[in-house]
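Paired with subunit B in one complex and with subunit C in the other, subunit A is shared by the two complexes that follow.
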Partner chain A sequence: MMPTHNINLFPTRRDENWKYSDLRSSLNQISKGIESINEPFFTLPDGLTTEEVGCECASLKNISSVLAENYCHKAWKIDVPESFESDQPLVISNLNCGHSQIIININKGGRLSLVEYHESQSNSFINTNIIINIMDKGELDRIIFHDDTHETVRISSAIINSESDTRITQNAISFGGALSRIETIITANGENLNATINGAYLLSESRHCDMTSNIDLLKPNCYIRQLVKGVVKDKSNGVFQGKFHVHRPAQFTDAEMRHDALMLSDTSKIRSKPELEIYADDVACAHGNTIGQLDEDVLFYLRQRSIPLSEAEAMLTEAFVSDVFYSLKDNHLKENILTKIRGRL
Partner chain B sequence: MLKINNLFANVDNGNKQIIHDLSLHIPAGEVHAVMGPNGAGKSTLSYVLTGKPGYEVTAGDVLLSGESLLDLSPEERASKGMFLSFQYPIEIPGVPTMTFLKTALNAQRRANGLDEMGAPEFLKKSRALAADLKIKPEMLKRPLNVGFSGGEKKRMEIFQMMMLEPDFILMDETDSGLDVDALRIVAEGVNKLREPKRGILIITHYQRLLDYIVPDKVHVLSDGRIAASGDAEFAKKLEAEGYDAYA
Partner chain C sequence: MTEEVKIKSSIDKSTVDGVRSLEAEKYKYGFDSDIEQEFAPKGLNEDIVRFISAKKDEPQWLLDWRLEAYNRWLHLKEPVWANVNYPKIDFQDAYYYAAPKSDDDKPKSLDEVDPEILAIYDKLGISLKEQEVLAGVKGAPKVAVDAVLDSVSVVTTFKKELAEKGIIFCSFSEAVKEHPELVRKYMGSVVPLTDNYYATLNNAVFSDGSFVYIPEGVRCPMELSTYFRMNAQGTGQFERTLIIADKGSYVSYLEGCTAPMRDENQLHAAIVEIIVHDDAEVKYSTVQNWWPGDSEGKGGVYNFVTKRADCRGKNSKVSWTQVETGSAVTWKYPSCILKGDNSQGEFYSIAITNGFQQADTGTKMVHLGKNTKSRIISKGISAGKSNSTYRGLVTAHKKAKNARNFTQCDSLLIGDKCGAHTVPYIESDSSSSQFEHEATTSKLSEEQLFYCRQRGLSEEDAVAMLVNGFCREVLQELPMEFAVEAQKLVAISLEGSVG
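Presenting the complex of A and B:
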């Protein structure tokens, strides 16, 4: 069957940013969602509302934005008022087929807890483009669940712009899909951003997950910690691309990037591309990247205590992954994540 | 209880023959000690008996209560009652001690057709035994052995041994890294486990531990086989004279 969509909008592996995730080829198996709009469900904390507005292209360099603008005639906008605070999160779900754009403005001193469920039961294509603008002293806590079938193709891209004295924590968990990508693009336009960007992926069968982030620091005194852990087995593919771009005025940046992966089979693959681009001269920036296997001596120790091999492997894998979420304050969400992880081990 | 018959074993894909024609019988209710110089094959023997991957048996047999262990996986041997107290207990970051122990105990119970032990009973049992061994309750919440001192790790091995109540206990250099007080606590723990139905094999360099856990028999392991055997007094003779006569 010939595709009806404009295939040229979708990147190939010749696009450096999509070198390890072949989006165009992956669409061959997709039956729906490539040209349609996706209506998300919002569970709003008291005091917030959604408004339908026109769709915008946040960045021509961002494929998710380009696709959203091309296929969506509207976007959903949420304004978080000044000094807003709530113990209820904003929950976004029903992201299961087609394109959508969501715009969130966190006004001065506002604090938002955002939980996103990206879940599909079919061989659909989903593109979720989220634009978040954080004004001075604003705070964002973001949790992302990616739980799809092995046939789903999904891009979820967040473009986050922050002003001064802002705080971002992000925790993502993905079980991959035929192709699944979590993109986080942060631009610190103001001083003193404090960001923790964590993620974990657990992949089996022939699933593919790509965690890509790009953090642009334009002003001084930003503090960034990134930790991504991956586990691949069977014929699955894990991709990590992380970039810190420290511009000349961004003095006193303190940024660390880590990606640690566990390969549980000979046929799985990990591709990792950490990048630091630094123009300021008084900064501390580091990146670390490891790939390894479960320790045979540790496995033997557990087995010597009657624990069957598969259970011992699951126990050690859980221990490896779960420390990504160690700092998560919401115990209910933490337990929710750990339960999902255990279900996949 | 444990019968080792004409055992030959190698490691490193057959490149190193470590155990040559080793035979040993430890009846139920007895404590035996195997002593020997460095490189005699003492640790290899403990790994061969417990089925560590990479250790290959080329001839002979090992029987526990009449059943051959050699075709069984490490976890099956453990469930049948083989317990190894490790010379170097492993640190496992991210796995709380209590979680590990409860998983182990219930895996063993499942393998033996028993119901899993519920949380209240488990807590009661573990707290009582931990107190006996002077293990602080907060240690049990920490990841297994992470940041523990040498003595604490060895006490944790004895604690696991008391929780799992194995039929046969193998102790590999349990006294190394222990001060006198810790040695006494560990030995008291082991002595409590001396029962008519249980066999114990202590592997050690030095006679010191045997002052606290008095063995029924002492064997010298040299060049992969039992070179000589005797009673508890024999260990003192070995300590005084060294192993040269048996090399």
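Presenting the complex of A and C:
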């Protein structure tokens, strides 16, 4: 089912940023959601409320914003007060069909733990655009669970604008879909951003997952660590596109990006583009990318100890992927992620 | 009025001024040579294509080739995806053929070449003195040279000596006449007629270049070199080089290029095709020093080149080594298609940009056969207000079992007005492939600089040494003659950037 109008809003592989994720072609098999609005469900910690507002993404240029603007004329807004703290996370779920736009403002010194469930059971199209503004000394811990059917097409996009002395941690786990795009766009408008942006994808059948991020550093002294690991088997397709854009004033940036992928079948694919755009000379920026297989020697070691091959492979794969979430502080959420990973292996 | 360039270490203002005054003068190849030349009429149309073909006395099949390319080019759109900016090129505002005036175009022996032309190459330090080598004169370099001036090859040295081993080293135009079967067999087999916009243009108006054929089992006894010199104003240079290494052969080929200082931009759109058969190896080295434009960014050569090697045979190997210091805009990706099982591709590059130069360069390694290997070492040094981008592609087809790649691309920024970027594309369809890529962008270590200066080295010498260390891996891949020249080039380029 193709959209009845504005087909050109949906990018194809000819658009450089969507080169490995042809969104327009993937719509052929979709039965609903392309032109409808999704009503997300919020589980709010004490002290927070939601408010419906007009859609405010006119100036943003990413596809998710453009589509949300075109098809969804409202947004849900949550204001996190200054110095807010809570044991309870803000949970967003029911993101399973159509477009939605969410705006979260974390005011000065506020701390928010955000958990998102991007899950659908049908061949729907879902576009979720979340805009998060973090004021000075604000903190965001974000966890993304993504698990769709092999027929679902999804874009999950987050545009995060941060001021000075902020901290962001993000952990995403994805099991893919027909086409999935998890996009994170961070703009550091202030100094001293400390950001850890991690993700992992585990794909089987003919699933696809595209983890794309763009981190724009406009001011000095930012510290960025990004680690994304992927496992592909059967006919699945893993994509990583990362970009650090270090603007001229962003001196003393310390930024590292890394993507490692395991290919477990002859028909799987990996596409990776770890990009650096640097205009400041007193910085340390690095990117690394590796593609490989499970270590034959280690597999043999396990099999020699009577562990069947499939179990040995599962153990090593779990160790490979779990590494990403090692530093996750919330043990309950960490165990949640690891359980999901084990369930898939 | 030039604005202050902020650089991290503390430097005298008088040093900054002194070095800045060297910028426009440092390019010692920028001289103009007033030799009588003949030109095609200005502009580009089918008649010009026919003119070029007639001037070279080409057979019908080659004229047809050019015309097909020209007609296809008319329908292509100029690509704009590279990380470079330049004013739109007016393709009608150039001469597509310029040659020294002579009675005929036959390549001459050294004795018959116009002394004025020989003087140009003398001034450039390119030795054409084959007699000295044959007579065993001490210090005479044993390098066969094909000297190309604008659109023609003016002389090729050591042809006879090489021919005794069955090696063909001559101008492309001569190869078309003397070895048409080889040219027809291989031309366009690595870079197809309509591969990309500038390659298609080259196919229509290519001037001259070199042709090399190394027969089976022969190791070429000397380095082969082509030196490209643009001289005439308002011309483009579209050279065409074809190198064929038959089974079990080896050749080391060097390419050098310079151009006079001009206010306008000149286009250099070349094609280099290399075919390597079973167990053969080709080493291709380039020291590119086209006029980079003046300190205000005016003038300079546009270097838009398609270079590709087809490792057709089993165990074949190609190694690209380049030191890029010139050109206003560089846009090139010397690549290897690793078709043959166990074939290897290597790419070693130093790209230095200064002033207002822009470079978008890198390589493509396409793994198709089994057990193929590729290695990419790329170092970019940006200074002044320049921008340098490494763009690379490493790809493995699903049948490319055990493909291996190692890539290291590092960037150095000197000063706070330049930019260094990396855009690597890594695409694997082979589950047994192992690809490793790493990169850093860093400033020269303050501590390392302090250590050198503490031991009596001047700031400039210390930086040159650190940069040379940074570039060592690349420089040691260059043939000896070029390594020395490249070391000097790197020092020269740095002088203008360390204030």
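The rule we apply is simple: the second predicted complex is superposed on the first by the 338 of 345 C-alpha atoms of A that agree within 3 Å, B and C clash if a C-alpha of one lies under 4 Å from a C-alpha of the other, contacts with A are read in each partner's own complex, and residues count from 1 in each chain.
Keep this in mind: a contact is a pair of C-beta atoms (placed from the backbone, for glycine too) under 8 Å apart; a residue touches a chain by one contact, two chains touch by 3 or more.
Since we're looking at a predicted model, the values are computed, not measured.
Undergrad: After lining both complexes up on subunit A, report clash or fit for subunit B versus subunit C.
TA: After superposition on subunit A, subunit B vs subunit C: fit, no clash.
Undergrad: Residues of subunit A touched: more by subunit B or subunit C?
TA: Per-residue touch count on subunit A favours C.
Undergrad: With the two complexes superposed on chain A, say which partner A:248 touches: subunit B (first), subunit C (second), both, or neither.
TA: second
Undergrad: Quick check on the superposed pair: does A:268 touch subunit B, subunit C, both, or neither? Answer first, second, both or neither.
TA: It touches subunit C, and subunit B stays clear.
Undergrad: Looking at the overlay, does A:205 come into contact with subunit B only (first), subunit C only (second), both, or neither?
TA: Neither partner.
Undergrad: So, A:39: does it touch subunit B (first), subunit C (second), both, or neither?
TA: neither
Undergrad: Please indicate which partner A:284 is in contact with in the superposed arrangement: first for subunit B, second for subunit C, both, or neither.
TA: In the superposition, A:284 touches subunit C alone.
Undergrad: Is A:309 contacted by the first partner subunit B, the second partner subunit C, both or neither?
TA: The first partner, subunit B, only.
Undergrad: Check whether A:52 is in contact with subunit B, with subunit C, with both or with neither, and answer first, second, both or neither.
TA: The answer is neither, since A:52 touches no partner chain.
Undergrad: How wide is the angle at the Cα centre of subunit A, looking out to the Cα centres of subunit B and subunit C, in steps of 10 degrees?
TA: 80
Undergrad: Working from the superposed arrangement, determine the closest approach of subunit B to subunit C, counting only CA atoms, in whole Å.
TA: After superposing on chain A, subunit B and subunit C come no closer than 15 Å at C-alpha.
Undergrad: Subunit A residues touched by both subunit B and subunit C?
TA: none
Undergrad: For the complex, give me every residue of subunit A touching subunit B.
TA: Interface residues on the subunit A side: 296-298, 300-309, 311-312, 315-316, 318-320, 322-323.
Undergrad: Using the touch definition up top, name the residues of subunit C that touch subunit A in the complex.
TA: 8, 81, 398, 411, 413-443
Undergrad: Going by the contact rule at the top, pick out the subunit B residues touching subunit A in the complex.
TA: Contact set of subunit B toward subunit A: 50, 52-54, 73-75, 78-79, 83-84, 86, 89-90, 92-95, 100, 103-105, 107-108, 111, 143, 160, 164.
Undergrad: Which residues of subunit A touch subunit C once you look at their complex with the stated criterion?
TA: 16, 246, 248, 251, 261, 263-293
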